[in-house]
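Labels run A, B, C and D following the written order; every chain starts at residue 1.
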Amino acid sequence: MTMTLMEHETPFDDDSLHEECGIYGVFGAQGAASIVALGLHALQHRGQEAAGIVAYDSDAQQFNSVRRMGYVRDNFTNQSVMDLLPGGHAVGHNRYSTAGNKGQTAIRDVQPLYAEFAKGGFAIAHNGNITNAEALRAELIERGSIFQSSSDSECIVHLMARSIQRDIPERMKDALRRVEGAFSVIAITRSKMIGVRDALGVRPLVLGKLGDAWILSSETCALDIVGAEFVREIDPGEMVIIHKGGKLESQRPFGQPKPRFCIFEYVYFSRPDSVIGGRGVYETRRLIGQELAREAPVEADIVCPVPDSGTPAAIGYSQESGIPFAMGIIRNQYVGRTFIEPTEQIRNMGVRLKLNVNRAVVEGKRIVLVDDSVVRGTTSRKIKEMILDAGAKEVHFRIASPPTAWPCFYGVDTPQREKLLAAQMTEAEMAEHLGVDSIRFITLDGLYRACGEDTGRDADAPQYCDACFSGEYPVAPSDMLQSGRLELKKSA
Amino acid sequence: MTMTLMEHETPFDDDSLHEECGIYGVFGAQGAASIVALGLHALQHRGQEAAGIVAYDSDAQQFNSVRRMGYVRDNFTNQSVMDLLPGGHAVGHNRYSTAGNKGQTAIRDVQPLYAEFAKGGFAIAHNGNITNAEALRAELIERGSIFQSSSDSECIVHLMARSIQRDIPERMKDALRRVEGAFSVIAITRSKMIGVRDALGVRPLVLGKLGDAWILSSETCALDIVGAEFVREIDPGEMVIIHKGGKLESQRPFGQPKPRFCIFEYVYFSRPDSVIGGRGVYETRRLIGQELAREAPVEADIVCPVPDSGTPAAIGYSQESGIPFAMGIIRNQYVGRTFIEPTEQIRNMGVRLKLNVNRAVVEGKRIVLVDDSVVRGTTSRKIKEMILDAGAKEVHFRIASPPTAWPCFYGVDTPQREKLLAAQMTEAEMAEHLGVDSIRFITLDGLYRACGEDTGRDADAPQYCDACFSGEYPVAPSDMLQSGRLELKKSA
Amino acid sequence: MTMTLMEHETPFDDDSLHEECGIYGVFGAQGAASIVALGLHALQHRGQEAAGIVAYDSDAQQFNSVRRMGYVRDNFTNQSVMDLLPGGHAVGHNRYSTAGNKGQTAIRDVQPLYAEFAKGGFAIAHNGNITNAEALRAELIERGSIFQSSSDSECIVHLMARSIQRDIPERMKDALRRVEGAFSVIAITRSKMIGVRDALGVRPLVLGKLGDAWILSSETCALDIVGAEFVREIDPGEMVIIHKGGKLESQRPFGQPKPRFCIFEYVYFSRPDSVIGGRGVYETRRLIGQELAREAPVEADIVCPVPDSGTPAAIGYSQESGIPFAMGIIRNQYVGRTFIEPTEQIRNMGVRLKLNVNRAVVEGKRIVLVDDSVVRGTTSRKIKEMILDAGAKEVHFRIASPPTAWPCFYGVDTPQREKLLAAQMTEAEMAEHLGVDSIRFITLDGLYRACGEDTGRDADAPQYCDACFSGEYPVAPSDMLQSGRLELKKSA
Amino acid sequence: MTMTLMEHETPFDDDSLHEECGIYGVFGAQGAASIVALGLHALQHRGQEAAGIVAYDSDAQQFNSVRRMGYVRDNFTNQSVMDLLPGGHAVGHNRYSTAGNKGQTAIRDVQPLYAEFAKGGFAIAHNGNITNAEALRAELIERGSIFQSSSDSECIVHLMARSIQRDIPERMKDALRRVEGAFSVIAITRSKMIGVRDALGVRPLVLGKLGDAWILSSETCALDIVGAEFVREIDPGEMVIIHKGGKLESQRPFGQPKPRFCIFEYVYFSRPDSVIGGRGVYETRRLIGQELAREAPVEADIVCPVPDSGTPAAIGYSQESGIPFAMGIIRNQYVGRTFIEPTEQIRNMGVRLKLNVNRAVVEGKRIVLVDDSVVRGTTSRKIKEMILDAGAKEVHFRIASPPTAWPCFYGVDTPQREKLLAAQMTEAEMAEHLGVDSIRFITLDGLYRACGEDTGRDADAPQYCDACFSGEYPVAPSDMLQSGRLELKKSA
């Protein structure tokens, strides 16, 4: 059963492919909401549809909330808005746009969610996806809970409301033990900030310090923007509770951690200037490019990235292969909404708004084109057409991730399996389909090596969630299975 | 305990004194939401802060909701908004602005409220006030319900969600039996429209018919605007259920009705072109004016209304007294927000924006000024000043209601008792305080007579709720009493 | 030749019939722009499409301008807007909506107009219409002037720019001597305020005083709102120049005045609480009603106004005839934009949004319906239908002006002659066309008598412009005649 | 003398340093305005404050104009706006933000300007700056012209209006012969498109073809976005007139061309994917980087660009020096408005919103930082601080242009000479002032070599305007000199 009320706000229109969410919390700093706004701005790449901030004003003993459609920079930058969010604790959330309901998101689906319990209110921001949300929702409604949103995250709030524990961290443990899937969570109460990662640690969550204040953030780049110090990652399965006065308490309420960090964070989601697992994402991507050059060499005149996400791997590919690096495609930094199509003559208009082939650079050249991934293949096809129109002699795609052949159920908006190009074709078929001279993906083993696992991927004990490449899901997506919407790959 | 989350939207600013809510439902007509929009426009005088409509689209099997701050005419008049509300059943609500949180109402406090139960969704619009809402809310939160709004009406929804009945009308009866206070309610489900009045029938609710479609409305003037036929009033304590196909079922789930209709509806709230108890409100007000002329005659040159609400009583006063009727005060029909005060020279600016003394009419005259009621007395004082500035010789206030000496707890926003002028002063003291030659109110007996009770008010069995005049509350306001915010008049 | 650039702003939608402009100037008061805003609010009935204010800030030696579509109350009431308009001198303008370009007015057509001459800037607000604007415009363009707007008033500005006089008042005289038609003008320069009425004095202009500051205004009601004292009317053909320090100089630059004040100002345009020619407009209208009752008596049960403009005449009719006055039609004070028509069942929807028949009052009655004028007759027809639907037994229209049979060329937006009901039909034909029991208009003689001319209208020397009733135009509308768009009534 | 009326619209806030304007015209294509919108989007880097489009609708024989503050993507992308601009000819303009009146630009200063002459209207977009605008303006006002804007471009329009020529191209020649300074102009009339470059050809203008339609554009990248073919550059001193039917006529109305193309277009203004003088801008910048590596080598670990403008030169520097290229600074692609500063702890916030140091890349490294230019030096200083905070061992700035020591008067918004760092300090002083290990600029000779002049800059006959580096102005800035605001460098 799904929520059938549609609340109508101004639609927001963005055609980005796959994003997820960004979360950010500050505890114990004057103007906490303004710091959260900066953090969310640095995490904007993780979700661009909407953003929200809840701050706790201890003077008025009141939580205040502002949630808006659109970019952080367009909503949380003027004084009159920020004046609505006084106080020293705040939590924020960037929402991504899921394929299903583009332009239909209601404000009430925008996080942080807030609820008032018998012993006080709390606000929660969740990054990830609950794979048994439908079953939980049905059970909760049956028992008299009223859902306000279509967000799966609301299940956590209702489970907490019904917990017989009195204390909010205890209620949260009760609730999260019932939840399957991926969850990195930041919550604030009147006197605490809480950060939690699920036992697999699929989604990232890091801890920082700004003077005496604590910060929780999806990525380290959002600590840099406010000049905060990076302390450490929250561990898979860890709950940290920051108390009034600044004491940090660490608990492990979900048993033994079984780390399976999302490997796509390295490939695409995270910003290159973030640090994961002790190494810069930029450096990992550069190493992916080098590995790719070794695995799939080709004779060519220049190596060009599909900007901006392909740039570090293209630099690596160039360095390993000795083929000069060049900006053969230029990104328009004023990318925006969809323009009106004036005539049929103007082909590939959507792509042209963002990318322009640097004609003088590519003309007459054999091009290695480095991209981070191929999902549906439609953009790749258009880029190829534009490059050939500009007079390139050969086009060789080199992809900095293995073929994306399986959907993600842990917080990423991938299309159904049938629409994933790599689920339908071999590399050779793809080259023909796309009309390029060659296309090659890095192997899963090669990707693991570049990520620092010298042995490549050891099938017995993978360190990462690589389900989108391998089809091996560390947590069964139970709603999908029960409703028959998905049939899993049979493991041997 | 109060809700402590504040959600921030653009504030709306209106300084009207006392309003309440308007509700309207349509069942079984194409473009139901557009009919509701017209109805709400006709009921705009009952609430001007915000309005909402929920419609059920049976094709898509989906409820759609639009709730906006501001006037109906500014929000529900363009095609793109109304296109969001397809379907043959719809319910709407006009919200009034309560003193406490002017300009702070969150969209989520705007009705109709919507909830999804195990067996389907429903939308509800409530006019009135629940006097035990705080106690109910605390109990529900304790048991794990999560409130989304600060609206007392949400208690009804949570009580319904927790009812062990399966059927929505049965759940509603369960819930309303727990509720104290005044409630006129319209609700729609996927297949029904439900209308209910509490056993006292404090707030109005009427039934109409437009072709095959049924309409429920706070007042008959909102039937006229769509050309619908007035069928009858819903009885105190009655629940009507309109079924698919148009069958109307009537039930009496709340025991014996004890009719105590709000007498202030005659005096002020209802529009003069509505019909209550078989007689036009305009005519009742004219009769009040005649009664007042008999009870409190005075020698004067002209009778002027304080427009627009004092007009019918002024006509009656003029007819009974023989003193000519004249428009000595002109209402600016473009009344709006607060202007910037340019200099201190401009006194009474707030009043001047709405009302201008017709200098040529009042100059050198003895004026009888007829107003509907006196609450704080501030506006009366300013009007008097303006009239004297314009050269009037004498000013005699004649008030078409008894002294308002007690607050209302049944859905009207009256100030605390200490701020009610009539709670502090006699008529003579008021005349001195206001600086007028005389002020006289109609007696409660006189008011009853004008409303059709030939015997006046019979203390044993009043037909009306006249608590604001008498201090005799038909239902004890239990939240107020328990929290010590109110001490009731001792009855002899 | 017409302006062929269309600049596109948000359209504004209002279906009011005939309005004209309001102008207001303040010289020598702190917060002059805020006083102008109040004045324009009081003059809102004269023009509702747009409003503008230009203020001169002597500290910064700069004129500032804000011009906006929509009501004064919606645009000039917040501090941030008014902060843009500092200074002690200011002039403002309310623009009416002409039939031709409804919803297409560009901001640049909104007055006050501003221009920079060799010796300094000035801002001008004009009420009226220039009947040789097209010829002037063609000549000015031929000589190299560039028009910014489609406003006829801009001709005055260009004529002034090309004047060989140095001084702004002298330039203005030069310009206005070339102009035919009606003009009441208020202008401010860095050191002066200027007020002018054309030699006929068609449009009103009054002088007031607020402390040491001078005020010029279209009507006296806009002096009342700021508490200013009414000094006198500006005479036909007079130019007043108010100098720094407050000295007022009066000149007569246009030869002998030939007063022909617009008689429709009495009937409809002016607010009832304004004073014209030493008498309140309300009183004049009441006298029109009395005259009408003598000229066109009828047996009936009640006299009802079409609110609000018919009210004073209805009171007069009732007083003269002895038939009781009653509010048989109620005006919705939240009148606004056009609603979506839900079904064909709802007839007369446009009228119903503004007016509701007070069913209980009119049922079974013979009604005298008093309205100010009949233009196209469409509204009259709809009102009649609604009244008969509500059960009235007879409907007798009594109109407080003579038949409107000729278009106005002096600043009022009347339809073409073919669309004027009175240009096509006799009273008897109209009664049949409208489906009423009778319709009668006051005679032109009767109207003159009510306006204070005991002898009625003396054809040799009328005191008023009554061209809309008589077809006798005091100034030939030369653009219309030259372009063949109009053929005048042959005088005997 | 300056314009002293300020018209107030919503301010727009952008802190970009130096931009100029982009212009674009389409003649003979369905949906011309939509093509212009795409072209302006591709030229957005040349001006971000506002944009306007005027289109000629030959069916209605009417010009339509839409001018808006803000980005093209935010204003010209929805159907309802573009529906206002029908027709086959259109011209558009991107406006840059000048230092003097940030956030105060009035809509009326936004181009294209439109004027109606005796023989028909025309619209004009101008890129450049008129150095004798003040003198022309004073003269025109003296003779009765009324200026609507504070734009210097309006002088051209008034000069044309007063020309005794009848034909618009002839009027334009008359006008442009009176104008000093830099002008690239696109204009449309009812039947023609006109493109002009001044005799020096300071600002670019190129000709393209899309099917049968002609396009004029500031840069070739805006031909690419619509798939148009690049035909040729308009020559310095050339006027092209495109007639109905598509015939292109070329004239040379301004005597002998003396080409002095702006060399800063190579360094910064133009997009890297545009082609100037037969070579890609990207390639020229890469060659500048190589030249810089030869002129100013340094021992270091990595070469990092200040993104995005420093990237091609950094690639060239890396290739020539053999030091690896790395993205040591990451640009936030969601750059926007100013955020609220939460605390003083957060230093360099303005820069951090746009740029983040890639800590893992720069830590412990000796960095060559390649930037396009240094103007005030404030941003350079902040970047240096951030890089050192992140742990870099050494910072060596290498600048891809000579020291910017003189203001531009030909359409670029540079600060006054006193605020230009290079006007005050030697390279050594700058290194100390900025706190870096070294800073080196390319020589002017080196820049000429990289731009293709093998001999470097030959002082007798420079091919470029390099006044910002050399102080040698090809046209004397007469307004500045006459008003004493500028004293020129004495040439030997």
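As a convention for this text, a contact is a pair of C-beta atoms (placed from the backbone, for glycine too) under 8 Å apart; a residue touches a chain by one contact, two chains touch by 3 or more.
Since this is a predicted model, take the numbers as computed values, not measurements.
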- Message: Counting hops between chains that touch, how far apart are chain A and chain C?
- Response: 2
- Message: Distance between chain B and chain C based on Cα centroids, please, to the nearest Å.
- Response: 37
- Taking each chain's mean CA coordinate, chain B and chain D are separated, in whole Å, by 62
- Where chain C and chain D are represented by their mean Cα positions, the distance between them in whole Å: 50
- Query: What are the residue numbers in chain B that touch two or more other chains?
  - Reply: none
- Task: Just say which it is for the chain contacts: an open line, a closed ring, a star, complete, or other.
- Result: ring
- Of all possible chain pairs, which ones touch? A-B, A-D, B-C, C-D
- Item | Residue ranges of chain C touching chain D (in the complex, touch as defined) | 3-8, 54, 61-67, 81, 84, 107-108, 114-118, 121, 138, 141-142, 144-148, 157-158, 161-163
- Query: For chain C, which residues are in contact with chain B within the complex?
  - Reply: 29-35, 37-38, 41-42, 44-45, 48, 71-74, 76-79, 82, 210-211, 221, 224-227, 271-273, 275, 279-280, 282-283, 308, 311-312, 315, 319, 324-327, 330-343, 345-347, 349, 352-353, 356-361, 389
